[in-house]
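What follows is a group of structures, each given as structure tokens.
Shared chain: chain A. Partners: chain B in the first complex, chain C in the second.
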Partner chain A sequence: MALILYVTFVLIVAIMLFYLVRHYVFSLTALYRQKGQPNYTLHALSYRPTVSILIPARNEEAVVGALLQRITELTYPKDKLEVIVIDDASTDNTGRIAEGFAQSYNYFKVVHRGLNDGGKGKSAVLNDGLKQAKGEMTICFDADYYPQIDVLEKLTAYFVDPEVGVVQGRVTVLNERATWVSRLVALERIAGYRVDQLARDDLGLIPQFGGTMGGFRRDIIEFLGGFDTRMLTEDTDLTFRVYLAGYKIRYVNDAECYEEAVEDWRAYWRQRHRWAKGHMQCFFRHLIPLLRSGNLRLREKLDGLLLLNVYFVPILVGLSWLLGAIIFFLFPTTWFEPIWTLLPVFVYSSVGNFAVFFEVGVGTYLDKRMRIGWLIPLLLFSYVLNTLICIKALLDLAFSKIVGSNEHNWAKTNHSGGEIECF
Partner chain B sequence: MRRNLRSSHTRGPPVWGFPHREKPRLRHLVIGLTVSAFSYAVLWLKFRELLTEAIRRLLYVGQISASKSLSSEAPLLVIRLTDGSNLNLALTWQRCGLISMTIFGLLFLFLLFPLDGSIWSKIAWLELGFIIGSTWSFIRLSIAVLIAYHFGAGALAVTEFLTGPFTDFLWALSVWSLGLSTLASAKHRRVS
Partner chain C sequence: MFLDPFLLMLLMLILSLSGVILFFLPSIIEIKKPKDNGPRRILKKPLQETLRKSTLVLTSKPDSTYNPSALIVSHGILKKEEAKIHRIGKNTMRIFGDAAFPPKLEFLDNVVVQGALTVGDYCVFHGSVKAEGNVSIGNCVVVKGNLVSKRNVDIQEEAIIAGSVHAEGSVKLGEKVFVGLSVVAEGDVELFENSEVKKNILTHGVIRVLRQPKLDLPSFIQDIG
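Let's look at the complex of A and B:
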């Protein structure tokens, strides 16, 4: 019995150590690697494919107007631009606001979904938008986003490479100062994009499509059969489907967009629960195809495996705590002490799901952010919450498998638009 | 962030930027290695004995009978408990917080010293971390010993589990974050 506990504990510690080293390499890459992006060529700089912007919106009257107004200000040639707002059976003024823009600008189009179709998740909404899209490239924005004016040029430049199927830009939190929660989310975002995604792109690993502030070749997504409506995280699902199909994803750090982050723990819980559950769905769906794929290099497979596993990490750390307590009190040994000491390193390595603490620190440093770095120890709270969220997500997923249900509730994040109003 | 937003409001051709990169300050790393090696030597040679003596004196002030002893593995603190039995507390590397301090030092060394910034600032934060770590170890161990004195040896294990290496990392991470913020602030001031 004791031996099994020891072996399990050491195994979990080894997995954590592997993640730790991986993120240390990411941090060093983001800091020091000089051969990174952007690799814009003259051709890339002048490349202007036709673009369809998809904006799924459900009861987003507080924010959608600002985004649509901002899109009219984009520097991308308007004759190559098409904007499709998909009103997902909104009961507020979202549809009317979008219609107003469609009347004023001929490259705007509004798709209204009926009450019976609405609220069934972003995948279904995007699929409806895709049916209307005519552009070679499709870029997605959530309704609460606020892009830089030259964001499309920066994103589409990477499509010059025919191997690139998807591009992803950087997301920065706009309402960072609103609450403690939004500040902590901002820290996670900084590390996740400025360090993690950038390093993955630099190292030729698997940058992740975030579902918004990113785009894809329309023919590829059509070839893949659109977004899978059964998946809660259509972005992660698409990431792996694109790689398995032999294409790659590029992350464009220079293309920035501002989002409204969740402002309270309840909204944080709902959002992360959906992410965790969807990510776990992807784990079970793509693990074997990923390992067997002939289209991916070994390092991509390894990175993909670690990426798929990322929402299990908080559970593993929690489990190691439990095992550690049992060993500490019931089967103490002299060699256990130093390993036990290492445990907090792994705990802190897992604060935030995509970002270890030193990645957060390196991200804030590279962004020349100063005082927000003081909040890094507080990420412990979101870590504890993430552990609970991931456990619940796993249990929910297991339960739905047992009862044979493929229906998953799609918890929408509400946006107040408070920060966007100031623009 | 707000400045970024304003600049992106301006009309004109796209601005193509490069993500900021640095060159690692290897000389700073070497200096840091030397300084931390010296600090470790002092800590690993003297700290346990100092800590044992400090806690013995603290207990003496509180009129708790305690004596020092030496075993082959670690200094021993022998405490007479309220029930009349003796508790032999070995001040192992972990119990003294030395392993946590070593991890802190390594994190600090390999993550902060290669960055841009004053070497004196980095050394100051490193040493401050060691001082805070040592102080916290004294406080933590004192609390554990007092709880053991009043509630017995079983309570000592629970206290050590709850306040053990996990809380060590609260100070380690806080010092690390503050050190990094200081470097970023200094850099920002230089740039602006």
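Let's look at the complex of A and C:
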């Protein structure tokens, strides 16, 4: 029994150490980057494929108008642009606002989903939009987004490379001053995009498609059979399907967009719970194909494995603490010195957990915003909360597997539009 | 000499609480009196206005009359045995190692080569072409998509690239080469004056425009037809 516990414990610590190294490699790459991947940004000046913008919207009257107005201001040639707003059975004025734009601008189109079809998740909504799309490239925006005016040029420039199937831009939290929850989300975003995604792109690993503020070649998504409506995180699912098909994803740090982050812990819980559950779905779906794929290099497989596993990490950390305590108190043996039990836990807790904070710190430094870095200690709270969220998500997923249900509740994030109004 | 156990406990408690407060102190200060200047301003000037100064830009006249459908090229077949070929997605093929295509081949798919690429004369690519190594394009080759290389690109006479050319190294355009969009290169760009780039040439190196050599024959040599 003690041996089993000890082996499990050592295995978990080894996995933790992988993440530790990963965090430091990403941070150092972002700090001292030497571009390993071609930069196609300059093609933004001339390369103009036809683009369809998809905007899924469900009860987004507070924010959708600002986004649609912004899209009319984009510098991309309007004769190569098509905007499709998919009104997901909204009960507010979302549909009417979109129709207003469609009457004023001939490149706008509105798709209304029936009440029976509404609220079944973003994948289904995007699939309906894709049926109408005619552009070579498809770019997705959430209704609460507010992009730079030349964002399409910057994103589509990377499609010059025939190997690139998907591109992802950077998201910046607009309402970060609203509450300290939104400020913590802003910190997570800074680390996630400015360090994590950028380093993955530079190192030729697997940058992740975030489902919005990014896009893909329409023929690829059609070839893959559209978005899978059973998946809660259609973006992560698409990321792996694209890589398994042999294409690449590029992260474009210069292409930026504002978003409205969640402002309270309840909304944070709902959003992260969906992400965690969806990610875990992807883990079980793509783990074996990832390891067997002939289209991926070894480093891509390793990064993919760590990426798929990322929402299990908080659970593993909690488990390692629990196992360490059990071994320490219940199985004191001569060959199992307490010091060897405590040491890895101590090392990981002090250096390993710090690696995440180091990554956030590097992001704030690169963004020249050291002051927001003062909030980094508060990330401990979101870390503890994430552990609970991930445990709940795993239990929910296990329960739905046991019951044999493929229906998952798609928790939509509500937006107030308070900050976007200033534009 | 020794402290009372109760006092010792109190001291320890105060010390540990102080440690916790000290740990969170910066966060508390920033929440109470925020001095962070966020959110970051991202709505900056568009790309056209903020082109890096180190980039040389040359814009050529948009007066092309290129019509790709007017070209007739005989079909050829690339034998799968000659190279390790892997299909990716719907319309892209990946070739492992270096590849050298004989003349007059026609490719309906995008072509991605993991090594260097040499393309024979009169080949036609209906999609884009990408190579990890150097690319050498023969005479009168047509690429209807983009041409991308992680090294140098050398394009021979009268080739047509309907899209853009991208090279991490240098680019050489032979006589009467036509590029439908831009040429972007990290290294130098060399082109003949009778070649044409419809949009821009952007490079961090030097742009050299070569003139065709004029043969001034000595007066005692006569053209006898």
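One rule holds for everything that comes next: the second predicted complex is superposed on the first by the 389 of 423 C-alpha atoms of A that agree within 3 Å, B and C clash if a C-alpha of one lies under 4 Å from a C-alpha of the other, contacts with A are read in each partner's own complex, and residues count from 1 in each chain.
Keep this in mind: contacts are C-beta pairs under 8 Å (C-beta built on N, C-alpha and C of every residue); 3 or more make two chains touch, one makes a residue touch a chain.
Remember, it's a predicted structure, so these values are computed and weren't measured experimentally.
Enquirer: Can A:Leu45 be said to touch chain B (first), chain C (second), both, or neither?
Expert: both
Enquirer: So in the superposed three-chain picture, is A:Asp150 touching just chain B, just chain C, both, or none of them (first/second/both/neither)?
Expert: The answer is both, since A:Asp150 touches chain B and chain C.
Enquirer: Who does A:Arg371 touch here: chain B (first), chain C (second), both, or neither?
Expert: Both partners, chain B and chain C.
Enquirer: Just to be sure I read the superposition right, which of the two partners does A:Thr172 touch: chain B = first, chain C = second, or both, or neither?
Expert: It touches chain B and chain C both.
Enquirer: Check whether A:Ile249 is in contact with chain B, with chain C, with both or with neither, and answer first, second, both or neither.
Expert: Once the two structures are laid over each other on A, A:Ile249 reaches no partner at all.
Enquirer: Between chain B (first) and chain C (second), which, if any, makes contact with A:Gly361: first, second, both or neither?
Expert: First partner only.
Enquirer: Just chain B (first), just chain C (second), both, or neither: which does A:Trp180 touch?
Expert: second
Enquirer: Based on the superposed arrangement, let me know which partner A:Ile206 touches: chain B (first), chain C (second), both, or neither?
Expert: So A:Ile206 meets neither chain B nor chain C here.
Enquirer: Just chain B (first), just chain C (second), both, or neither: which does A:Leu198 touch?
Expert: first
Enquirer: Would you please give the residues of chain A that touch chain B in one complex and also touch chain C in the other complex?
Expert: Chain A residues touching both partners: 38, 40, 45, 75, 148-150, 153-154, 172-174, 176, 254, 256, 258, 369, 371, 374-377.
Enquirer: Which of the residues in chain A come into contact with chain B in the complex?
Expert: 24, 27, 30-34, 36-38, 40, 45, 75, 146, 148-150, 153-154, 172-174, 176, 194, 198, 253-254, 256, 258, 325, 328-329, 337-338, 340-345, 347-348, 357-358, 361-362, 364-366, 368-371, 373-377, 380, 423
Enquirer: Which chain C residues qualify as touching chain A in the complex?
Expert: 23-24, 26-27, 29-31, 34-40, 42-44, 46-48, 51, 55, 86-92, 94, 110-112, 127-130, 145-146, 148, 150, 163-164, 166, 168, 181-182, 184, 199-200, 202
Enquirer: If we count contacts the way the header does, which residues on chain B are in touch with chain A in the complex?
Expert: 1, 4-5, 8-9, 11-24, 92-94, 99-100, 103, 107, 110-111, 114-115, 157, 161, 164-166, 168-170, 173-174, 176-178, 180-181, 183-185, 187-188, 191
Enquirer: With touch defined as at the start, can you tell me which chain A residues reach chain C in the complex?
Expert: Against chain C, chain A makes touches at 38, 40-47, 75, 148-150, 153-154, 160-163, 165, 172-177, 180, 186, 219-220, 222-223, 245-247, 254, 256-258, 294-295, 367, 369, 371-372, 374-378.
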